[in-house]
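Here chain A shows up in two complexes: once beside chain B, once beside chain C.
Take a look at the complex of A and B:
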């Protein structure tokens, strides 16, 4: 059903939309399972529910930017979306965001289906060419990119009959600063109570580790490319070689005497402060111990026949 | 990276022209290419067959000029002024810019004295003007001028054409970089493990202390009762 798109529209997707869709799906899925669970009954794995909603955004020329989304109720009896609700929501959103239009709709699942075309056609009276955003909720650890696909509808002639089919389109992710901060926050997931010093250190080091790993893999690609060029498998591409040479000249990134001085000074400062804190801790523990000792072996209470101490 | 994009069109243009012309007709082309204010890459033009044919003919000086612009500096030109044709002011400017690029290859911090000597400039004001107007505004170099310490710190310098041996050096640098980052990754992982083990040990110690306190409390309460 899906081939590659030829309409020439560029799609920009905001992370808010993806978070909304996944949140909607997770809520519905967790509400489906009977709360508490019946241990006697066999929990048949129910097929994952499909959720539906509308996506809104702006279309400027050839660029379609999807900013936000809201949920819609799907009536499986009539196989259509709740129209009245949709219009009401649209009106409300219009008041807050006058620029946003209903650009299309979203759903969850692994692949676009035939029934989706009905909904798609139904939306065609609001927007003459709606987009269909599909989120695949199955978690696939091997997959590197997002399980979100954007489909457009195009009129193709199949078996002599002009039909509307879905075609796959590529998209890019566009973020506003606020979105970037929140996605970053979620990605790092620090222990909420601050954890002990060790867990914070481990979390910090893990993030540095992943960043360096990414850099490492990219440099490895460059390295392979240059090796192949040297062996002669790939023809020389001078412009690229010039860029690589200018990149390599930026190494070592910082190597001046002043840096060493400042760095060592800060290092010794940190060590000194740690030492001082440790000292303070030790002396307070010592103080407590002495007090306890004095209380236990006080000269007024010769209960245990022990001699007084100071 | 943007310099490469700016140059890409011009390189194509000159290559097309060069492949259609032959012999001494290439002279004005070479002149134009070397005086062009945004063109800093000459190895593509050098690779065009009609240019390489010039080797050994009476126009070999043209080839030498091109090679000078691709790999050489102002001091090279001064040393060989007898063999090479006279350069027009535009070309001189271009050559000086390329000299700055070559200097930036070796050190990141270029003292004013060295720059003044290489570029044949006598006072600091002229040097700074040259660096600011010709090099930084054209985008081939990015950096900071430190007048107190009389040096120029280079943060980014565009690449010049590669000499034949440079590819090996680049590979060497890249593989060193890779090894260093691999080692760094390993040591970070070890540190993470160390932090985890330490916190485990600490928790265990706490637990042990608490257990002992409970024990002693029990024995004491037994004694009292």
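Take a look at the complex of A and C:
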């Protein structure tokens, strides 16, 4: 597999496709290994399943824009995708989105395999040069980029035999506003009654928390790097140091006594509200505890007049 | 190990000599010699078996068996204590010492025993002691009695503090030694040491009597140190603790509670909160009606002269309850309360006017009172000595500093741990069989509303 494509096509990927693929994979995976497996049996982790499907979109000139995707069944006997189903689905989609063509197919895994070439070739009668979208479902926290790769097929001469091989292509993420909102909504899994203020506040605070956590980890990496540089383990790199210094000079944004005063006052106000909320919480727990205690142990508690605790 | 063995041989030699002397000096009865032999073998056993934890457990079992026999020989066991080291052979030492003190103790013997026991307590090993906590507690209680017998309570304070810390499984547990320690602190008038023990929050209590005494004595110590807020808390605990029938400690505590409440809050309501036991709610008021609740009523009128006449009238009653000092503090707090009331009406006031309103004798006295209150932080004011005017100010604290924020933060953390504990207790309570039996009994007939997911609880 060559590293870069020479076809000169620009690929644009919509987030909907990625969400679809990941959803398909997660569903199949969780159906395979039922959750809460018994601990007595030693279960070797089953190899992650591969899911397959089709991607559809529009090709305008040199730009290939992948809008949507749907799932397909993989027939391991014939080592190909279910052709009848694919055609039927294509027809249905044509009715709704007349502009969309089958652009290629997708699968999950860490790297493209030789067997994928069969599927690729099978699709070549629908689209002369299909694309192969590969999603790597392994969660790697260190990796900052998306685990999605797009492959194209090219005819290369290897050992004197012309062969089709996969070549890696670069792509960009493209989205429209409506899509962004809906994908965001799905990604953050808000509860069904997302209207109540409490859940909204919780979601808001969670997102702020994760953002700050990421900022913290990035700063830590920088700090570690600078300390190593200071100790002499890493050679000095002046351009980086200049960048860090300019970053530092941009903070703090405001430094004055009035700001400090107001800031501390607001901070202590927020803390006090939290304190009050905790207090109320504790008091209500204590109240319930006292009620229960009185019911259980007080000999002359109020008879009747108290409805059941369900 | 070598040193230990050699010591044992020497001990054996001295023991043999002693035995021979005993035989020569007085006609020995067969039983005495036999028991002495038993004690000697016991001593050697103690020395041998105090090495590893398994040995200690075996030793413990053995000691339990011979305990009764030891108690019979209480008078003669004292010399054997010198042969074993309290820090290494703590368990054996404990049993021997306990047997020594089990009989009646004279004053001279008490002085000697106090010395030995305090040395033991400070040097004993905690793990060995924790194998026999009741014995240790019993011995410490007897130690307290001896200290009181020789009328030197101060000598018992430090050893008992060490003893309390050693026998507590954790700082949240209340042991039977806590009230004894506090009692000694009160008698010896070292309130500060007592306060250090009161800093811990108690969550586990085994004996209710311990809790009552602990909170009562603790309240008295706080009153002695003029920490009225904490005293109020502790006395409140005594009064609202669960009790099936009223007890004397609660009655005394209620009286002090009323007085401290007047000093600290300026008011006292005789009603008890709903988490107080029903027997307390019904009976405490009757015991303390005269003169405490009437004192509270007189206080609320705000007139010093009436209050003072009332106090004079019931002087003997207050004295018999040992509360006269506290009552005097109540009277002096009345002045403070009246001056504080003035800050809400006036911006500036002359010292003479203050003296007249508060019924003090002269402007000089008023100045002294106001000065004292400013120093204690009870009011914020400036005194202009040229024209004798007092200017009342607002609280200058803006609560903007980072110190305040740290305090709030630590309070929130504490509250979070407390909340977790409370939820645990609540869950435990819900599973309690007594509670379930009673709650189930009051169930209504099945109704359509019962299948509602929202629990129907009416808490008035």
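Methods note: the second predicted complex is superposed on the first by the 175 of 310 C-alpha atoms of A that agree within 3 Å, B and C clash if a C-alpha of one lies under 4 Å from a C-alpha of the other, contacts with A are read in each partner's own complex, and residues count from 1 in each chain.
Just so it is clear, a contact is a pair of C-beta atoms (placed from the backbone, for glycine too) under 8 Å apart; a residue touches a chain by one contact, two chains touch by 3 or more.
Just so it is clear, the structure is predicted and the values come from calculations on it, not from any experiment.
With both structures placed on the common chain, the touch criterion links A:202 to chain B but leaves chain C unconnected.
When the shared chain is aligned, chain B comes close enough to touch A:246, but chain C does not. Legend: residue contacts after superposition of the two complexes on their common chain; A:274 is shown touching chain C, with no touch to chain B. Legend: residue contacts after superposition of the two complexes on their common chain; A:298 is shown touching chain C, with no touch to chain B. Of the two partner chains placed by the overlay, only chain B lies in contact with A:230; chain C stays clear of it. Of the two partner chains, chain C is the only one touched by A:282; chain B is not. Residue contacts after overlaying the shared chain place A:264 against chain C, while chain B stays out of touching range. Annotation: chain A has no residue touching chain B in one complex and chain C in the other.
Within the complex formed with chain A, the residues of chain B that make contact are 1, 4, 7-8, 11, 41, 43-44, 47, 104-105, 108-109, 155-162, 166-168, 170-171, 173-175, 177-178, 181-182, 184-185, 188-189, 191-192, 195-196, 198-199, 202.
Those residues of chain C that touch chain A in the complex are listed here as 242, 244, 274-275, 277-278, 398-402, 404-405, 408-409, 411-412, 415-416, 418-419, 422-423, 425-426, 429-430, 432, 434-435, 438-440, 442-444, 450, 455-459.
Residues 261, 264-265, 267-268, 271-272, 274-275, 278-279, 281-282, 285-301, 304, 306-310 of chain A touch chain C in their complex.
The touching residues of chain A, when paired with chain B in their complex, are 196-199, 201-202, 205-206, 208-209, 212-213, 215-216, 219-220, 222-223, 226-227, 229-230, 238-239, 241-246, 248-251, 255-256.
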